[in-house]
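As written, the chains take the letters A, B, C and D, and residue 1 is the first residue of each chain.
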Amino acid sequence: MPMNEENKEFRPLIVAFCCNWCSYAGADLAGSSRLSYPADVKIIRVPCSGRVNPMFILRAFERGADGVIICGCHPGDCHYSTGNYYARRRMALLFSMLEYIGVENGRTRVEWCSAAEGAKFSKTMNEFCEKIKSLGENVRLGDLRCKN
Amino acid sequence: MQELINRLKELIADGTVVRAIGWKKGDMPYNPEPAYFEKPEDFDNFVYDGFCGANLSKMMIEAAKLEGKTAVCLKPCDTYSFNQLIREHRVNRENTYIIGVGCRGKLDIEKARKAGIKGIKSISGVDIEGDGDVVFDTIYGEKKMAYKDLMLDRCHVCKGKDHVIFDEVIGESKDTADADRFEEVIKIEKMTPEERFAFFKSELSKCIRCNACRNVCPACSCRKCVFDNTKFDSQQKANVDSFEEKMFHIIRAFHVAGRCTDCGECSRVCPEGIPLHLFNRKFIKDIDTFYGEFQAGKDPEAQSPLTDFTFDDLEPKDAVGRGDK
Amino acid sequence: MQKIGVFVCHCGTNIAATVDVKKVVELVRYEPGVVYADDYMYMCSEAGQEKIIEAIKEYGLTGLVICSCSPRMHEKTFRACAEKAGLNPYMVEVANIREQCSWIHKDKEEATKKAVILARAAIAKVNLNTPLKEGESPVTKRALVIGGGIAGIQTALDIADAGYEVDIVEKEPSIGGRMSQFDKTFPTLDCASCILTPKMVEVNQHPNITLYTYSEVEKVSGYVGNFEVDIRKKARSVDADKCTGCGECSAKCPLGKIGNIPSEFDRGLRNRPAIYMPFAQAVPAVPVIDRENCTYFKTGKCGVCAKICPSKAVDYEQQDEIVTVKYGAIVVATGFDIINLDKFGEYAYNESPDVITSIELERLMNAAGPTGGHLERMSDHKQPKDIVFIQCVGSRCDSEEKGKPYCSKVCCMYTAKHAMLIKDHWPDTNITVFYIDVRTPGKNFDEFYRRAVEQYHVNYIKGQVGKVMPQPDGSLLVQAADLLDGKQIRMKADMVVLAAAIEPNPDVRKIATMLTASIDNNNFLTEAHAKLRPVESPTAGIFLSGMAQGPKDIPETVSQAGAAAVKVIGLLAKDHLKTNPCTAQCDTLLCNGCSTCANVCPYGAITYDDVQVMDHGLRETRRVAQVNLALCQGCGACTSACPSGAMDLQGFSNRQITTEVDAICR
Amino acid sequence: MGFTNVESQVELIKEISGSDPYKCMKCGKCTASCPSYDEMDIKPHQFASYIIRGDIDELLESKAAFKCLACFACIERCPRDVQPGRLVDAARQLQERQRGGDYMQPEEVPELLAEDLPQQLLVSAFRRYRR
């Protein structure tokens, strides 16, 4: 979403990849418990955090996302037993690489969130939004064509 | 070199192999090119000297599919790439006859150019044997350079003089390492994010997407690259942003992470001189720090770090901000 | 191009109060592919579904987007609804505008805006959806039970009684497990072998049960309904068909007297010959030769057993044999053992033979045990006068290096049992039990414990023992504290019995890996759901029985064994299983054959085959990945590991996800 | 001496000792193992409760706090890693800090060594502060 011109407050665009079994259910619980978090967060349902290809993350940034968060089952709780372990390695390396090329730390995040942790989900999203707001608009990974 | 030629001819003559892959003379004394050799007269152009930097292991992907065995000349570092290809079932070992060729470091003509050597007519002292200086006969007269000063950067972080896989070895090799492999990476890590961004932006903005890095890389051996694949909507497209190739290079490095043997071919062939190996080496360094030392291609049985895990691996949030501590 | 219908649900006021539903309808109406958009009070109601069905028929819709509650709630409902109207159920996508929008946002404008974006993402995804069909896979009507203790025996009997064939694989030479080592069982004090032996015999004679004793599971492949298992039948060195179980060989084995081979069954409290049956009622009643200790196998000399055997059953040449059998379901009933006590030096277990574990006490009190049921000290064979029981040895420990964090559950009860049995036989024995808490939930359990205190005057003291010190006179000095009386106690004992923590059989880790069944930090097998699916593993077709899942006593084990059997029967009763259509697929033209995907697949669903491909006019044989659709659970781990993008996941394809990303970031 | 903020004292004790008094399940193995039992007015298994309740003054004024020999039996044997010996030791350190004492430099040690200092004390000090 473009910046709201009237009140200059920066509203980030945040893409959250949530695994179907734990985090997506955790987000649902946050919803049914009415634990609010900013509307800037848009959730994409994936079967498992291990399904998240680094290309999806770069793609989101390219298209103008300001932050990307990946949520999966806690290590040891993966519905598919090992998916989040691979995701953990992949994301550790990817995040380190993004830091290396000069992208601000904190634009990407991985959080393990169970189906019972609605409160944690909401808290995480609130925190993450605040963090992205403090970092400001993503200019380093964006693609010019995706801007208006 | 003559011993190598004789042996290759002999292998073809006695039917052990049908053809050989080596280097033939290029149009200049410093740019030999990979080539197939089948008939005895083909060998008239055969060359193996300090400028034969090309890693021939990737050629075996296609060559091993041909009828009959192929002999391939591999330097010690190339054998790591070959091993990695075996691990990925990309080459047929049965159809390959590996000649481990000696190596005392490969040379970078850019280093000579930077030293102001121009108008080269011929070069001596680059033979595989010997340890003297390199002598350039130029139109401006004779110029000398120490062999070491002319070496490719990658040879200063040599992986060692041993071939990790071979059928026979011809010639002596030398471990030319005299620098820290991760020195450049550490230097960048120590910069501020702004400096790092500016550095990579200025480097990657040179990229013309010629795909030379992709074509030469032994790990980048997909039949069809994802960047040519319509399934990801990631196909090649016209540049708008000068930094746009970041995605290509990050993903390319990511795809070879845990498989890259750090052969340095990407940087060697880049016509724009982009230090592409800095991406790969960053991954290698991270893998070493996060998950324990790993050298791709050393052990074809070893599980790649990205297809492996431990229960208490580092959390992604702890993978960043390490320089701040 | 799809013809998509978008249906926006008010969910009463749940959605409509915060999201301007009408506005969402107006804004998504002109999205690519959308030919119809409408809203309704309750989309999931009969009338709401009717509306969807009508629209599908009237507008020839090829895809649906329902903007409503979480897909975890009603995705199935709407898929069924689509199917009713003749639309493939997998052409439905749900945009979650309740849990992830209306319920958490207050500002109507903001929530409406977000709802539109979520709807757009779903529309963009449906544009790329393809009809998917659930596969079917046949069911092999035979079950495997790993472990032949009471859990395995009961499960096998229940399955066999329902008319299905069952195989039991038992690592030891005989079935019976831990229970066969026990003397009496709480809370009724029946003799363990009196109730177990008939079941063992029944297993042996049941026409539907095949026993593989002295055997181990070597390899497991396949998936629910279609497992293929390699079972290693270790060489017994005795021909089971010829052997009559007369026991002559064991009686005459020279090592029986001089061999010093500790009997595993008697926990090392006595020795056994090299050719032996673990215990008299062993099933099958066929001895085995312990090749590691047998003189014939070590030196080539001896051969007494072969000479003496009246039926010529001893066969030194016998080899391990691998049999491969197909199963529809597998039950893990691998049971437990007690922990190693090396770390508890303060209890002097390794120093004094008179400090024993409870399971050793079981053997000492068993009439068929090493002392013929007469309780005596192993050091001087005198009857102990003062016996101290120490509870929670290694249970309820916080740190992993010291012991187990869980309560072993059975120790309080068996200690009360031991105390009473000893008092019954030798009333003048003084028994002291040092406990942290006495835990006796269970039918007639607390009454049982109280009986030990009130009728048998067993001295229960709250407080853990600090140290056991062997004394020069052969007695043991026990230093403890009575926390309730505020006293430190130093008392002499003739025997100390440790209630060592139980732990899952150490082999279970190996077996769980073979089965891709998950285990927890304590090596207990994990249930599919701790409350609602307690006897199933998350891995389809794998069931749990007995201590392998967690500490439990015999009645609980038997009930769980029955429950596991029912689950197995329910599975075997089906002729076909429906398989998840959201599976990985390999594009053979893109596949490099590098095996990266196979390395990360948790189900072993990816294999490699050489196939003929036609790539732009070039015919080639290539090594490419093949996904077994019945095995694949659709996690997508392979897709993100695949460098070339050859692997893709149906229902969550690369393009579908990127298009969602694009729609959100638009 | 009177602590103004009981909670922060408790936190400090937890921090110094590195053990969590809430983990104690009152099994009494520490008390059973304690060689100074008879001298103690507050028994080792009670230490955790005193700290949880915030009765730190009382603990410090007790004989027990200074009768602990730091023999480490309770620390070695505690199944819950509460390690009463560490708790009481932390309480003692806390008191020392209140009096203005703080970390000692190794160089200062030799001067403080008295002829008749029991060797056990030295050994136990080393064991206590090894990390």
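Heads up, the rule we're going with is that a contact is a pair of C-beta atoms (placed from the backbone, for glycine too) under 8 Å apart; a residue touches a chain by one contact, two chains touch by 3 or more.
Bear in mind the structure is a predicted one, so any value in this text is a computation, not a measurement.
Asker: So using the touch definition from the top, which pair is joined by more C-beta contacts, A-C or B-C?
Answerer: A-C
Asker: Pick the chain whose C-alpha centre of mass, unweighted, sits closest to the average of all protein C-alpha coordinates shown.
Answerer: C
Asker: Could you work out how far the Cα centre of chain A sits from that of chain C, in whole Å?
Answerer: Distance between chain centres: 34 Å.
Asker: Whole-Å distance, chain B centre to chain C centre, using C-alpha means?
Answerer: 49
Asker: Roughly how far is chain B from chain D, going centre to centre by Cα mean, in whole Å?
Answerer: 62
Asker: Could you pull out the residues of chain C that touch at least 2 other chains?
Answerer: Chain C, residues with two or more chain partners: 600, 641, 654, 658, 662.
Asker: Please set out, as single numbers or ranges, the residues of chain A touching at least two other chains.
Answerer: 54-55, 59, 76, 82, 86, 90 - these are the residues of chain A that touch more than one other chain.
Asker: So with touch defined the way it is at the top, what topology do the chains form here? Options are line, ring, star, complete, other.
Answerer: Shape = other; not a path, cycle, star or full graph.
Asker: How about chain C: which of its residues touch chain D in the complex?
Answerer: These residues of chain C touch chain D: 346, 392, 396-399, 402-403, 436, 462-467, 479-481, 483, 486, 488-489.
Asker: Chain A touches which residues of chain C in the complex?
Answerer: Interface residues on chain C, with respect to chain A: 70-73, 96, 98-101, 103-107, 110-111, 113-114, 117-118, 121, 516, 518, 520-521, 538-539, 582, 600, 602, 633-637, 639-641, 649, 652, 654, 657-658, 660-662, 664-666.
Asker: Which bits of chain A are touching chain C when the two form their complex?
Answerer: Contacts found on chain A: 1, 13, 15, 20, 24-25, 27-28, 30-32, 34-37, 39, 42-48, 50-56, 59-60, 63-65, 76, 79-83, 86-87, 90, 122, 146.
Asker: Report the residues of chain C in contact with chain B in the complex, numbered from low to high.
Answerer: 587, 589-596, 599-600, 608, 615, 620, 623, 641, 643-645, 648, 653-655, 658-659, 662
Asker: Which residues of chain A touch chain B in the complex?
Answerer: Going through chain A, the ones touching chain B are 54-55, 58-59, 62, 75-76, 82, 85-86, 88-105, 108-110, 140-141, 143-145.
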